[in-house]
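Shared between the two complexes below is chain A, which pairs with chain B and chain C, respectively.
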Partner chain A sequence: MDALRNKARDLLSDGSVQVVIGYGPGSVPDQARAVFLRRPEQVGALFFDDRCHQNLAVYLTKPEVKALGKPAIVGTPAILRSILQLAAENQIADGQVLALGVDGDGRVTELPDFKSIEDFLAPLPADLSPQEQEQLARIEAMSRSERWNYWIDQLSCCLRCYACRAACPLCYCGRCAVEANQPQWIPVAPHPRGVLEWHLARAMHLAGRCVNCGSCAKACPLGIPIHLLTQMLSQEVAKRFGLQAGRSAKREYVLGTFKPDDAEDFIR
Partner chain B sequence: MEQRLLKRESVGQLFAKLADAGWRIVGPCRSGEAVVFKDVHAPQEMAADYVQTTLSPKSVVFPRYELLLRYRFEGKDVKIDDEQITVVPTVIFGLRPCDARSLAVLNAVFSWDYQDVFFKTRLENTTIITVSCTTSDPYCFCTSVNGGPGDPQGSDLLLTPFDADEYLVEIVTDRGRAIVDQAPELFAPAAGGEVNKVRVLADVPVRFEMSRLVECLPRVFNDEAFWAEQAMRCLGCGACAFLCPACACFDIQDEADRQGGVRYRCWDSCGLSLFTLHTSGHNPRTTQGQRWRQRVMHKFSYFKDRLGTIACVGCGRCSRSCPADMNLAEHLQALAETSA
Partner chain C sequence: MTEFEPKIVAFVCNWCTYAGADLTGTARIKYAPNVRIIRLPCTGRIDFMLVLKAFAGGADGVIVSGCHPGDCHYTAGNYHARRRWIVFRKLLDFVGFDIDRIHFAWVSAAEGAKWAEFVNAVTERIRQLGPFEDYHKLVALGNEPIEVA
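== the complex of A and B ==
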C-alpha cells in the first residue's frame, strides 16, 4: 500500500504523469471505486486489495479522462492485458500510459512501455478462475437445446442498460453497432429477439478480443453471466488459431486477419 | 388508519382467494442472484428475505417494452391500428414503501398534459400491498427524501412484519379495503387499540436536508467542474435509470419492413450519450458530467418545479447496482453541504 502511494506521489510531484488512476474507498467498506488523483496530497486515498476488481482500463479511452493528461494506472493482470489489447487495436500508443504493476505482496513495478507490460505478464497464468472453468464446463456439457434454453432463461431479465458494454475496456467504439439506425441492424427494444441479437453481436464482436476480466458480468445489475459467452469464444480462438488476446501489443485480430497460407480452402 | 392483523401463513389463502376472483398477483422472486417481480401463485414462490428487490415493480405499470401501434402500407396509404390495451386487475405484493411512493411520481409524468392511456389503465387496475422495511442497507436513503421504512404513502395496504408470524395491516385506501373484503376472515381486528409499529422498523439515517438541496441546485448548475468531477468514474450506462422506480424516460422506435411495421416505446436513460443526439449530429450534452448533472437536476430541481414532487424515493438501487459505485446520496449530500 505504501509503495503504491509513494510511487503515485513521486509521479505526480515530478510531473511524469498528470493523473493516477487507481482504487480508493467506495460507498461501503467492502467496495472499492475508481479514483483519479491529480495532486500528490491525494495519494492517501489509494489502496490495493481483493476489493479492487473493476477493470480500470475502461477509463483509458474515456474522453473526459484522456483530457486530464498522461495517466499512470494501477495494473492488475486483467488491466495490463486490456492495455496490450488496446495497443494491438491502435487505441493507445506506446509510452502514452504508465502502468503500475501490482502484486499481492504490495510490490509496485513501473511498466512504462508495452514491452515491459508483455514481460511482466509473461510468467503470470492467464487461466480462467476455477469457478469460470466450472461454469463453462457445465454449459458445454449441455445438449444444444438445453444450452439454448439456459441462455434464453438467463437473458430474459436483460434490460438493455448496456452496463456490460460500458464496463468493458474493449467496447470503446464511439458509436456502437447497436445504435446504428440507417439501417437499424439490431432492434433497440429489450424484447426477446432484441436481447438475443444484442448479446450475440456483443459476443461476436469481442470474439478473440476479450481479455477475460469478467467486468461485463460484474457490471450487470441482474448478475447475468454474460462473461461466459466471450470467454467461451476466447477459448475457441486460442484452440483453433493459437491466439490469446492481451498477451502482446502486436497481436493479430482473428476476425480481421487474412493469410494467403491459411489452412482453410474456402478462404482462398 | 384502520389496523388489522394478518397471519403470515394466511397469505397463501389470501392469494388463492384473489386468484379465484380473477386477480393477477405479482411478487418478488429470486432469479439467479437478483430479486425481480414475477407473476406468483403461492407465497412459497417469493423470495424469503431481501432488503430491496433488484428491479423495482415499475414494469407492471410501465413495461420496459410496449407496443403502441401497428401499420401497413397499402398502395399510397398507410393503415394504422392503435394497440388496444387489455389489463387484468393486478396486485403487486411485497414491494417496499419507497417503491409504493414511486408510482405517484410516474403518474405525475404520464398525466402531466397528455393522459397516457397505457400507463393510466394499468395504474387504475393495480393494487399495492406493501411490506414495510425491518432491515435496510447503507444505500437506502428514503428518510432523506420525505419517505420512511413504514411510510404508507402510495400503498393501498401496508403490511408490517410485526413478529415472527403476524403482519400488522394498515388499510390505507378503499382499494386496500377491497382486498380485505375479498377474505375478511383472514384479517383479524387489532386487539388493544392502535399498534405501534415503529419499534420493528429499520433505522434509516437522514443523509441530507432536502430543502437545502433543492435550494442550492440552480446555483451550482453552471459549475461544470463540480459535475465533471463527480461523474469522472461514471461509465455512461443506463443501469441507474432502468433500475430507478421513478425514471420515466422512454424512446419510441419502429421495426418495419416493406409491408408495414410496429411502433413501440422502450425505456431510455439520460446517462446514455445517444439520449440527446440530434438528427443533425449535434449533441447538446457532450460529456458525462453534463449527463450526470441532467440526471440530478431533473430529479431534484426541474421535476419539483414542474410537477411539485421530486423524482426520487431513496430506494438506493441506482447506487447499489452501479458498476462504478456512483452513489447518488453521497453526491446529493455533497451538494447540500456546498450550499451551507
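== the complex of A and C ==
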C-alpha cells in the first residue's frame, strides 16, 4: 500500500501525470470507491485490498475525466485487459494513460505504454476462474427449457437500472441502442420481453469484446449473473475464432472480420 | 379448432434471395403462403434486433436468407452476417431460446425452386413445433401493446 502511495505522490509531484485514479474509502467500511487524486498530499486516501473490484478503466473514456489531464490508473489484471481492449478499439492512444500494475504482494509496476501492459499480463492466466467455468458448465448442462426458465427467472427481477452498462468499461457509446426511440428497438419498461432483449443486445454488443472482469454482475443490485452471458460469448469467440479480448492492443473485432471458411453447418 | 398456421417472417437480401423468390413466382411454383418476406439491402444489414422484433411481433419462425458466399453484391456482407449468426445462435441457445425457430439459407437469384422447397420445409418444421408459446407468453405478460416500428 505504501509503495502505491509513494508512487502516486512521486508522479503527482513531478507532474508526469495530472490525476491518479485509484481506490479510496467508500461510504461504508467494507466498500471501496474510485478516487481521483490531483494533489500529492491527497495520496493518503489510496489503498488496495480485496474490497477493490470496481473496473476503474470505465473512467478513461469519460470526457470529464479526460479533461483532468493525463491519468495514472491503478491496474488490476482486469483493468489492464480493459485498457488493451479500449486501445484495440482506438478509444485511447498509446502513452495517453500510465497504468500502475499491482499484484498480490503489494508491488507496483509502472506500465507507461501498451507494450509493457501486454508483457505484464502475458504470464497471468486469462481463463475464467474455476468457479465461473463451473457456473457456465452447469447452465450448459441443462436442457433447453430449463435454461429458458432459468434465465427468465433470473432476469425477472431486472429493474433496467443499467448499472451493468455503467460499470462496463467497454459500454462507452455516447448513445446506446437501448435508448434509441425512433424506432424503439427495446422497450424501456422493466417488462420481461424488453428485459430479455436488453440483455441479449448487451451481450451481442459485447461479443468478443468482453474482458471477463465481472463488473457488470458485481454492479447489479439484484445479483443477476449477467456476466455469464458475455463470458460465455467471449469463451465461444476465443474457441471458434481464436480471438481473445484484452490480450493485445492490436486486435480484430470478431464481428467486423470474417474468414471465408467460417462454419456454416446451420445454413441450408 | 382450425389447424395451426405458422407465421413466418423472412428477412431476405435484395440481390439474391428476393430475386430468387421473384423467380419462384414467375416460374409459377407454388409454395407455403405462411411466409412474409421483408426485403433488405444485404444479409449484412440484418441486425439481430430485427429477428427479435419479428418474434416480439408474434412470429413463430424466422427465415434469414441471402447470397451464396462469394456472391455478395457488396463483396462481403454475407460473410459478416454468417459470423454474426454463429455468435447470435450460440447466445440464443445459451438462454434457452429455441433456435430451431430460426432458419438460414443461401438462395441465389437463379434458385427459385430451392426457395420454394426451403420455405415449405421450414413451414413444415414450424408447424410441427407449434406456436412459439415461450416467447408469445413472455410478450403477452402485462398485456403490453406491441408497437411495430
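As a working rule, the second predicted complex is superposed on the first by the 257 of 268 C-alpha atoms of A that agree within 3 Å, B and C clash if a C-alpha of one lies under 4 Å from a C-alpha of the other, contacts with A are read in each partner's own complex, and residues count from 1 in each chain.
As a working rule, contacts are C-beta pairs under 8 Å (C-beta built on N, C-alpha and C of every residue); 3 or more make two chains touch, one makes a residue touch a chain.
This is a predicted model, so every value here is computed, not measured.
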Checklist entry - Is A:Ile224 contacted by the first partner chain B, the second partner chain C, both or neither? => result first
Next on the checklist: After the superposition on A, what does A:Asp262 contact: first (chain B), second (chain C), both or neither?
Outcome noted: second
Item to check | Contacts of A:Glu64 with chain B and chain C, given as first, second, both or neither | outcome: first
Next on the checklist: Just checking: does A:Pro187 make contact with chain B only, chain C only, both, or neither of them? Give me first, second, both or neither.
Outcome noted: both
Item to check | Which of chain B and chain C A:Tyr253 touches, first, second, both or neither | outcome: neither
Checklist entry - Touching A:Ala163, do we find chain B (first), chain C (second), both, or neither? => result first
Checklist entry - Which residues would you name on chain A as touching chain B in one complex and chain C in the other? => result 184, 187, 189, 191
Next on the checklist: Considering only the defined contacts, which chain B positions touch chain A in the complex?
Outcome noted: 31-34, 36, 54-55, 64-65, 137-139, 228, 231-233, 235-239, 241-243, 251, 253, 255, 264, 266-267, 269, 272, 274, 287-289, 319, 321, 323-325, 327, 330
Checklist entry - Along chain C, where are the residues that touch chain A in the complex? => result 48-49, 52-53, 56, 69-70, 76, 79-80, 82-98, 103-106, 118, 134, 138-139, 141-142, 144, 147, 149
Checklist outcome for this item: Listed in rising order, chain A residues that touch chain B in their complex are 26-28, 31-36, 54, 58-59, 62-65, 154, 157, 159-163, 165-167, 179, 184, 187-191, 194, 215, 218-219, 221-224
Item to check | chain A to chain C touching residues, read off their complex | outcome: 139-140, 142, 144-152, 177, 182-187, 189, 191-193, 196-197, 199-201, 203-204, 207-208, 229, 232-233, 236-237, 240-241, 254-258, 260, 262-264, 266-268
